[in-house]
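Okay, so chain A shows up in both of these, paired with chain B first and chain C after.
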Partner chain A sequence: MSLRRQIATLIRFELRDELRGGEVALVVLPFAVIALLTIPMAVGIDTPLLERIGPGIYWSIVMLFGVLVTQRHSSLAPAAARDMLRLSGVDPAARFAATTLATFILLLGFEVGAGLATVLLYNPSLSSWWWLAALLPLTAAGLAMIGTIGGNLVSGLQTRTSLAPLIVVPIAVPLLLGAAQATEGLRLGAGILRWVLLLAVVDTVLALAGVLTARPLEESAA
Partner chain B sequence: MTSPTVSLRSIGVRKPGSLILRSIDLELHAGSATALFGSNGSGKTTLLRVVATLLRPSTGSGSVLGAALGSAETDSVRRRIGLIGHEPALYPNLTLAENAELAASVALGRQARSEARHALEQVGLAAAADRRASSCSNGMRRRVEFARMLIIAPDLLLLDEAHVGLDPEAWGLVGHLISDVTARGGSALVVAHEEERVRPLVDHTVTLVDGALTRNHS
Partner chain C sequence: MSARPLDLAAIGTLVTAFVAGLVVPPDAVQGDLQRIMYVHVPSAWLAYLSFTVTLVASVAYLRVRSLRWDRLAGASAEVGVVFTGLALVTGMIWGKPVWGVWWTWDARLVLTAVMFFVYLGYLALRRSFEDPEVRAHRSAVLGVVAALQIPIVHFSVTWWRGLHQPPTVLRPDNPQIDAPLLFALLMAVTAFTVVFVALVSRRAELTAAEDAARHPDDTDATAGSAITAPIVGGRTT
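For the complex of A and B:
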């Protein structure tokens, strides 16, 4: 089976497993919306302030709760299932790509859901909303890749569920910076191309790192 | 004598703070089944993972189905290895049929779906094929793994206490899997605690004590 077919097959099964379990839609997203709701309750109904801080709060929430989305597969799929896939002859790079793409799709849905909640709660004003069509996928892709690499790094460790976020969040800082600064630029009507380019460069580096490290990380997992 | 399907020489596995396996020499021959006994923590699962090419040994050398351990060749032989561990390798929200299909999809492509249904029938799960794995008993989940083995027909079958919690009928499936592999000229390595139940199914037995093989007899 070609690499492309392997990836397509794995994505199909991963998404089916997640959609039936509903962890992202029924647990992570509602929890994130509650987190978005707590900020206005804490700072008070100061509309100008909420409009100003809304985009930054949104990206922080995406980063922190997005980590839960990226790590859902390590708790869903038991270690034995990973062994089974290794013995099935699935290429490690195909596994990296499939897990990343499945996570990307889930993260994108999460970003849209949390984004709608942010608009309702904070009413941010952006000079152009169309740029979000680039910002959301670029950030989701980067976070998905970091999550998959982080998950591979800690797979096999008993502390993986608590260790993975500690690895993922610091590495995701450039994504947070790029996405938050770009959105701030949109709010102020300034140019954001350099921040979009930063996200694109980070994504490219992560894609290369993910594919190149997929096999060594899989082989080194106990 | 035919060349061994598995040959391990002075294999050692070290993990931080402990030596799990010490200087293991082991050969599995075509057409034969071997039982591996040992108490909890003696290193049975670790040895099985080395044989399955899932764990690279710290010391020693060996080959599995002709591929040198730790070499790139192991990639090409992994599809010929069937492993049933003591934790079921199932995705909880997929149905039993989908779980059986997943393992076979890479090797068989579109044919995997029909093969999965057929194999589930053979292990007595036809009626439960569309139930989610999370809603099934441990015994049923085990049977799905037996179905996978029927689909992939491995040349090297590795069972890690795969019989735990099985009813007598499913015990028959374990025997069937082992005899099927050995009849095709493959080998089986069966990790177990219950010596008296496993002995009739195998040709040889070995015992691990504190990471070292202490007995080896037919």
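For the complex of A and C:
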């Protein structure tokens, strides 16, 4: 089986698992919307202030709750399934790519859902909404890669639910800064190309790191 | 555990740097307050150095799979986290009278704090594994990925233009610091670096001893080394 088919098959498995469980759509996304709803109750109902800070809050929510998406149950292959894949000769890089791409698709859906809630609740104004077509996928891709690497690092540990966010969130901070600064630039009508490039560079480096370290991580799971 | 030449050198240079930091004249603007620089700057330097050593040792482990590199990576990260914490605390103490606040949302401060937590996570990951091989594999991967932060932290002053003072010594044109103060600062940097080497060396030895105590059967023997030639009539054949 070619690498491409391996990846496509594994993505289908993961997305089908997620479709059955509905963890992202029915648990994580509603939880994120609750967070978006409660923040104005804490900071006060100052409409101009909320319009101004809405995009920043959105990206914070995406980063923090996005970690839950990356560590969802369907991204965790049971030990027996991992062994079977290894014995079947599935390339570790293919497994990394498949989990990352499945997570990317789910994160993108999560970003769109949380984004709609932000627009409804905070009414932010951006000079150009088209740039979001680049910002959302770039951020989702970076977070998906960090989350997949983090998930592999803590797989099999009893403390994985607390350890994974501690590892993933600080490493994802450049993504948050890039995305938030770009959105702030859009709000003020300033150029954002360098922030988009920053996100692209971080994504490229993470992709290289993920593919190159997939095999050592696979060996440590044996 | 007896003192080695490296330990003695660390103590000697540290005492010398301490004296140098006290005897040089105070800063013209900040007065004696500026002397905290002799702890803050070397601590920040060691943060960068230690995490770079962790990166190099992690890459080396992934290439040669020797636990020595893993122990070096872990020891360097541990010492680095201590010095990063020291840089943050001394920065806050320095920042209060200069900026008027303990903490400000300057990019370099925030990202140094982030770096602190990245390597705190690295250390937490290391502590989660009993098996040295599994620990080494996984922490080496994180050691490489975490290093992505270092250049971003380093260049953040330029990227985000915060409150933090721009580089004073490492300027392309010329250092913006008087010679006696520069001398004391370089003494402190040297002393802290020697202390770093001594601490990392001791910590790596301790990790090796911990691994040996937890897994007394683990040796560096290769497959088949337990097989010996048959003994016939008191002699090996």
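Some notes on this structure:
Going forward, the second predicted complex is superposed on the first by the 216 of 222 C-alpha atoms of A that agree within 3 Å, B and C clash if a C-alpha of one lies under 4 Å from a C-alpha of the other, contacts with A are read in each partner's own complex, and residues count from 1 in each chain.
Following the convention adopted for this analysis, contacts are C-beta pairs under 8 Å (C-beta built on N, C-alpha and C of every residue); 3 or more make two chains touch, one makes a residue touch a chain.
Nothing here was measured: the structure is a model prediction, and the numbers come from that model.
By the touch criterion defined above, A:Leu163 lies against chain C but remains apart from chain B after alignment on the C-alpha atoms of chain A. Within the superposed three-chain model, A:Arg86 lies in touch with chain B and out of touch with chain C [touch as defined at top]. Applying the stated contact rule after C-alpha superposition, one finds that A:Pro30 touches neither chain B nor chain C.
Look at A:Asp17: by the touch rule set out above, it reaches chain B but stays clear of chain C. Once the two complexes are overlaid on the shared chain, A:Glu219 sits against chain B and chain C alike.
Contact with neither chain B nor chain C is seen for A:Gly191 once the two complexes are overlaid on the shared chain. Common to the chain B and chain C contact sets on chain A are residues 219-220.
Of all residues in chain C, those touching chain A in their complex are 62, 111, 114-115, 117-118, 120-122, 124-125, 128-129, 133-134, 137-138, 140-142, 144-146, 148-149, 152, 160. Chain A contributes residues 1, 5-6, 9, 13, 16-18, 20-21, 76-81, 83-90, 219-220, 222 to its touches with chain B in the complex. Put simply, chain B touches chain A in their complex at residues 15, 52, 54-56, 75, 78-79, 81-83, 85, 87-94, 98, 102-107, 109, 132, 148, 152. Interface residues of chain A facing chain C in the complex, by the touch rule stated above, are 146, 149, 152-154, 157, 159, 163, 166-167, 170-171, 173-174, 177, 202, 205-206, 209, 213, 216-217, 219-220.
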